[in-house]
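What follows is chain A paired twice: with chain B in the first complex and chain C in the second.
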Partner chain A sequence: MIALHYAGSALSGTNLDVSGIDVKNNSVSIIIREEPPQLNSSRATDSISGMVLGHVMEGLVRMGLDDRLEGAVAKRWEVTPTHATFWLRKNAKWSDGKPVTAEDFVFAWQTALKPETASQYAFLLFAIKNAEAVNSGELNPSELGVNAPDPHTLVIELARPVPFFDKMLVFPTFLPIREDFYNATQGRYGADADQLLYNGPFQISRWIHGSSMTFERNPHFWNQDEIHLDTIHVPYITSDANASLNFFKDSKIATTGLQAENLTEAMRLGWQIRQHRDGVVFFMEFNHRPERVTGNLNFRRALQLVLDMDELVYKVTKLPGYEPGVSLFPGWLMGESDLLRKEYPPEKIRPNTAQAKEYLQRALQELGLSQTPTLVLLAGDNPISNIQSEWVQQTLKTELGIDVKIDKQIFKQRLAKMTSGDFDFVLAGWGPDYNDPLTFGDLFASWNKNNRGQYNSPELDGLIQTAQGQLDPGVRMRAFGDIQQHLIDRAVILPMYERGVTYVVDPRLKQLKRRVIGPDPDLSRAHIDAGGQ
Partner chain B sequence: MLKYAAKRIVLGLITVWFIASATFFGMHAVPGDPLTGDKALTPKIRANLEAKYGLDKPLATQYWIYLGNIAQGDFGISYTQENRRVNDIIREHFPVSATLGILAIVFAGVGGVLWGALTALYRNRWPDVAIMFLVILGISVPSFVMAAISQWSLVNLNQTAGGTVLPIGGWGSVWHMVTPALVLGLSTMAYLTRLMRSSMLEVVNTDYVRTARAKGVPATQIFSRHQLRNAILPVITVLGPAIAGITTGGFVVEIVFAIPGLGRYFVQAIQQLDYTVIMGTTVFYGAFLVFMVILVDLIYGLIDPRVRVDQ
Partner chain C sequence: MSATDLTQADFAALPRQHSADQLSRPSLSYWADAWRRLRANPRAMSSLGLILALLAFVTVGPMVWTVDPSVQDVDHIGISPGADRQVTLTTPFIPWEPEALTPPTPSTGNPLGFTLAQSATTQSVRLTWADQDSPRRLYRNLFAPEDTGSFGLPLADLDTPYFEDRLDLQPETYYYTLVALDAAGEESETTATLTIDVTRVISIAQAQERGLIQPDESAEIGQTLKLAWHPLGTDYLGRDMLARLMYGGQVSLFIGLLAPLAFVFLGVIYGSVAGFLGGPVDQAMMRFADFVVALPFLLFMILFKVVFGIGPGESGILPMLAAMIILLWPAPARLVRGQILQIREEAYVSASKLLGATTPYVVGRHMLPNTLGVILVTITFQVPSAIFTEAFLSFIGMGVAPPTPSWGAMCNEGIKSMLTRPHELLFPAMMISATVLAFNLLGDGLRDALDARMRGAE
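And then the complex of A and B:
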């Protein structure tokens, strides 16, 4: 009984018995998949930490409700090929009432680059002069090309022209950190609710690890007019999708994701089902190392012609909100003035088994083989992945007589095997880091570490260099169009699908924003309409 | 007795050391490491991270550093929950799992012994058949199905009642514990019922029971003093490992009912190759299991004088 008593006292008061929507207290409750792993913005990389930080911190710029970049701590800004200058608003304040200054950004970015911080996303800052040298310890952090000539002006020297520099600043790595507070936490910055200084619309008032969180309105936030909720509760943390749905039905949370098997029930209950594409593109990546059959262009073309992604998405996986893949560049990316997808429509490959067989024959001749060796398909160990890899296995067997061995691995092992080249083809995915096509576009550059199939083409490298270095949007977008065509022509990858999520929101909750880039979901500008339908 | 206990404890420590070493080398033999992520790291950034976590040292050096640290009770800092010490994770979350586990064990133990004894007394009559049917169900339906069904039923119950009769998840009050503890203890209860039934049946026909009956001892006294006490021994044997199993095996129940227990850290750490959390939880649970087994052996002597070792 001592143990019982101890446990009770250790966690008394963890229970947050709150409603999904509490009109009287002007509060909303949501669920998160897992405990935010890292709230030190200089080290955060994951989407859950990004979601929390998006509510309690504010960077120089933010994504508005209309998905366009808008000023946050910065009032206005200017990006030239050599410099970026940000003019900060004077009324932006920390949660202790002190003003947010340009120095706070200088300190945060220097911290992210210090070798001892060991930030995984330090590379996002490499566009800044001397950033790489600071990160490798060759230069002192003070030599980073970021300066604060006065408390409300931030001047950044760029290492190379980066046309989308302002768009990258949405990422948590660029959030401000105040030096005196950071040092006072003695290495525990972001570890607990009181170990973080806030400058966003909300602040964390309670955080019980692995159990619950509460965000309360930050009285010092400069833009009070846009903020309507007083409190956001996170009473539950679980990765179980059915549990989440049950909490929603029990009116304990205001929004939940839906699984394919819940759709009929959701429709029967008259819920308004919403869809959102989360920005991630899934594709079949080939191993281009010369010793592999998949290094042969004609062989890849044969596979390209028999694997019909429409069939995969609409008849095999049948998941709501998913769209068959046609390009490495997902449909939501913006081009010069319209969607990139509209400006440069990708060529659609029509399945053609007869032609595929010809390519296969040619490939076998070139490789000097009499028949195709058994291919190793590296795949994840989740149910969706299983269905997909079995579909690939069966299709290749019936259409081309190729035997496929499925190698199921958990996430990290799959990545390790991809890196060491221990596969012929693999089911892979890529999510964006910033809102520019380059976040996908440079993936198969010969120098990119994420190019785990080691595709190497001087032609593609040249196109990527154009997209990286040119400032003229027209030239850049044409380069992205050419990269897209190159990937299709050379069958470098086979785009499989763009992932979608289906979800429901309590009708009384308005302006809950789902995003591809930036905090998702974003409730910072949401409000309650008690009579909402 | 003291000598026996000391010997068992030394053997236990060796077992724990073996668990720690096997886990350490097994974990490092798996492809990938905690730093593997969907975004590849530049060599510099990777080197910075390896230096931070000491992964740049040779494996043997890491092993000795590691052993030294656990000897001092320090499991290090988690790779995925980057600001948290593994000791804190265990300290904050094990009590939750333990509370749930103890409730489940109480439920399983009491239920198992009573149902088991009942089925033996009514052998081959309808209570026996009915209970054994439920027992088979309890053993064969996996806990994630049980958890999902019971949560779903609670949602419907609350909707019908128009308010919260029992919370469907979360943690905090006794009411939050009832359903998950029942689900968690169910399969153990079913197993114990079966065990108790067969051991009870052996005892029912023994000479000393017949003698007692011939002497005219009341049936309730025969049941409690002669039958139950003798039949319960095998149950005690499995109860030790079962306690460890239940307090550690609550992963599914913890996920479904959104309970902040240690079980989910244990499982997620393996998926994420979080070296320090894998080691911390495995060694902790290993030591806990070893401790429970020793404890059961010592308790044995109290219940059955024949087992007392120093005689």
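And then the complex of A and C:
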């Protein structure tokens, strides 16, 4: 059955012959790297599912074109330390014409927390009362602190004060699911185009697995004025950057990413190159387990003083849009009233080999070692991390005489080795889950499962608790500033860079939105300007 | 002459003659004849010369070209052979602190006041412009911008009136364009473009580190020097290609020569024993060989890596050698067994046995020498395939560990920048091709030369 279906899809997939921008049909074509594994919002984890769901579903709130939070299904809302209340608009409808009600949110969140759903992002809901207990199976889902007193009011009881609760709701896990439809799909919810009920600006009209997708305008969507495109095609699903570039050259797709080696050609062709920082911060994470040399502060400081991330970014990696790392907190995070990094500028460490050698001597004395140990650098197996790890290897050899062995692993294996602590230092990255500095700030809390180097400092834990629990933005932001300073002072990590993306867009396509939080790219508000050539 | 002329003396036995017929030419042994025929084959001889040259390149080469193959020069990444090496001495790089800077005032010709703050070098390009409320977007282009909308590579969106560009600066001409953004963050029509020639610079400390000037040598700012010479350019981390080719060849040829020698030796012993004993023993031995042929090489390579305890980041050369020896011997073994089976039935072997020759004598005197030609040819043909195997395994990342180079690993790295910096792929690929071709042609020549049936033929 499955094999048959596949053979058929490959055929029809090649038949989807559309151009990048079709002015007559008011349609746009884009490419996606991989097919979404499934589109059940309570279980979605990857960015591609997030992108697709951002076009076909709508949550309580959304990120506007100006990167500010705006109401979507919710008309207005209110967050207090104990409660969050959302008033839903009455004209929001599902793609079968029935209204979107507060019950749909209650059901979706209960589903996400059910142990059998096994949602990886269930922890995002832990701010809600009883959520943790529901997730561990101790309480019935109906005891979750979310209620719908009437179809258009949603009241959420909070387990602890969460000042940024409304900002978290942008994440796909918080999208509504209608109970009767969900049950009718018999466990296949989100697996196919007809197994999903839509309440967003578009609906999936065709989904040929592994081959192509088509989104068509949802006639029941409440906010038709903001939607301009009739159709969005995904004629190809490939992660091959060169194939994507060639499709763009042939006008088969409206936008493509650029690799460093294509930049000269893009400049020669006079393309409008654009840039976007995707919000991911890369850093070198040390293994802080006591049996490792990297658990020694002076040893880490020695490494901190010889690895010049400016050199790495500007001369070795050489990718445009990359910003040399100075802090765990990326530059785009907002602080109290301005950017966090402007309110609390991080101290920039200048390379200093002489001082590094002193630290190294001190570290060796403390560790009782007569000679420098060989370190294991865990890294991903891709061209960029190969270059970076070889640069680290050679820099540490020439500057400090430290031998480094490079352990190249694929993502899953690297994660497994990080979890088991089988490394001295690792090239790691972290992307934000919600638009608050805490998404980065609690990373090295002793209780955080993603703290794979097992850094454990009561001082840092205290700061993180302040940032989590306090409501006053000023106090919170000061805590983040202190966390940032702590990470630098104790050389917990060495920030390497913030990643950038370089891309081109067909000049006729306007308002294609690239984002850090929320669907990326977002074409839902885009329009075609035929004269924009 | 009549019969009566015969005397008794005519019937006396002749003295025992000890010398055979006197040959007027030196005796031509099998090997001398083969060598003579090989020498007459220009293809084989030039291949032999090439192989000797390659061996000299990887063994004597590093003594002559004493550049460390793992030293990275981040100022000199991916340069092609024969690139310009002119460099000017300058002060060490200090991050720009333009807080005290007075932004330029706009003029009619330059409404944005876009100016170059200091002379542009490969350390940094420092740009400044008039301070205004709305943000600016800065672009850099390698080509003169023609129409609006394509100014090249966007560097940053800025609300400060200055920017320091340090991204991969090469001694070239750049076109920097400053675009004013409107309140909505969209680009406006107000733009300004600067054409900037970047000069290559190096600080005195860096020059000393790279051995361009001696520590006690007096050096002045502004003095021009020549950067280190890289006859074949550098790779993606600024390492000398020539030195890496030499050291990489050591690994490739080590595997390429040692592995075939070892497994052909193993195969010869196994095959001759099987062939000589014959019967059920031969059957059993050859079925075991068939079994070994069926084992998947790559899987065993990975298993050996584990068994040998080769941790991450360690060289996989030893398990590679072991895997090749343990898995590749059946081919020569089959070949030798076939030969031995054939020779065993030859008349001269039967004659030798009838005359009372012992088994070791028959094997050593008659059988093995007659298979030596086949064995030699097998070795020469196995060398290129072993080099290829090493190259392939290093290419997929199972061979040498960085920073040790090998030709295969270098190809793997070079292929990523094939379009922009082809020399990084071309040189190691050429080395592999030349070695493989030379061994193949030599093997061809040897096969002809050692063929006993062609003995004496021109």
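In the analysis below, the second predicted complex is superposed on the first by the 518 of 533 C-alpha atoms of A that agree within 3 Å, B and C clash if a C-alpha of one lies under 4 Å from a C-alpha of the other, contacts with A are read in each partner's own complex, and residues count from 1 in each chain.
The working rule: a contact is a pair of C-beta atoms (placed from the backbone, for glycine too) under 8 Å apart; a residue touches a chain by one contact, two chains touch by 3 or more.
Just so it is clear, the model here is predicted, and its values are computed rather than measured.
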item: First (chain B), second (chain C), both or neither touched by A:275; value: second
item: Partner chain(s) touched by A:24 [first = chain B, second = chain C, both, neither]; value: neither
item: Which superposed partner A:507 touches (first chain B, second chain C, both, neither); value: second
item: Greater residue coverage of chain A in the superposed arrangement, chain B or chain C; value: B
item: Contacts of A:452 with chain B and chain C, given as first, second, both or neither; value: first
item: Touched partner set for A:68, first chain B, second chain C, both or neither; value: neither
item: Chain A positions touched by chain B in one structure and by chain C in the second; value: 409
item: Contacting residues of chain C [partner chain A, same complex]; value: 70-72, 74-75, 77, 95, 141-143, 146-147, 149-150, 152-155, 166-169, 236-237, 311-314, 397, 401-403, 413, 416-417, 419-420
item: Residue ranges of chain B touching chain A (in the complex, touch as defined); value: 30-33, 35-42, 44-45, 48-49, 51-52, 80-84, 89, 92-93, 95-96, 98-99, 102, 148, 151-152, 154-155, 158-159, 164, 167-173, 176, 255-258, 260, 264-265, 268, 271-273
item: Contacting residues of chain A [partner chain B, same complex]; value: 3-4, 6-8, 10-17, 31, 34-35, 37-40, 43, 45, 115-123, 132, 135-136, 188-191, 195, 208-212, 235-240, 242-243, 246-247, 249-250, 252, 409-413, 415-417, 419-420, 429-431, 433, 448-450, 452
item: Complex interface listing, chain A residues touching chain C; value: 261, 263-264, 267-268, 270-275, 310-311, 313-316, 318, 320-321, 348, 376-378, 381, 383, 386-387, 389-391, 393-395, 397-398, 404-409, 502, 507
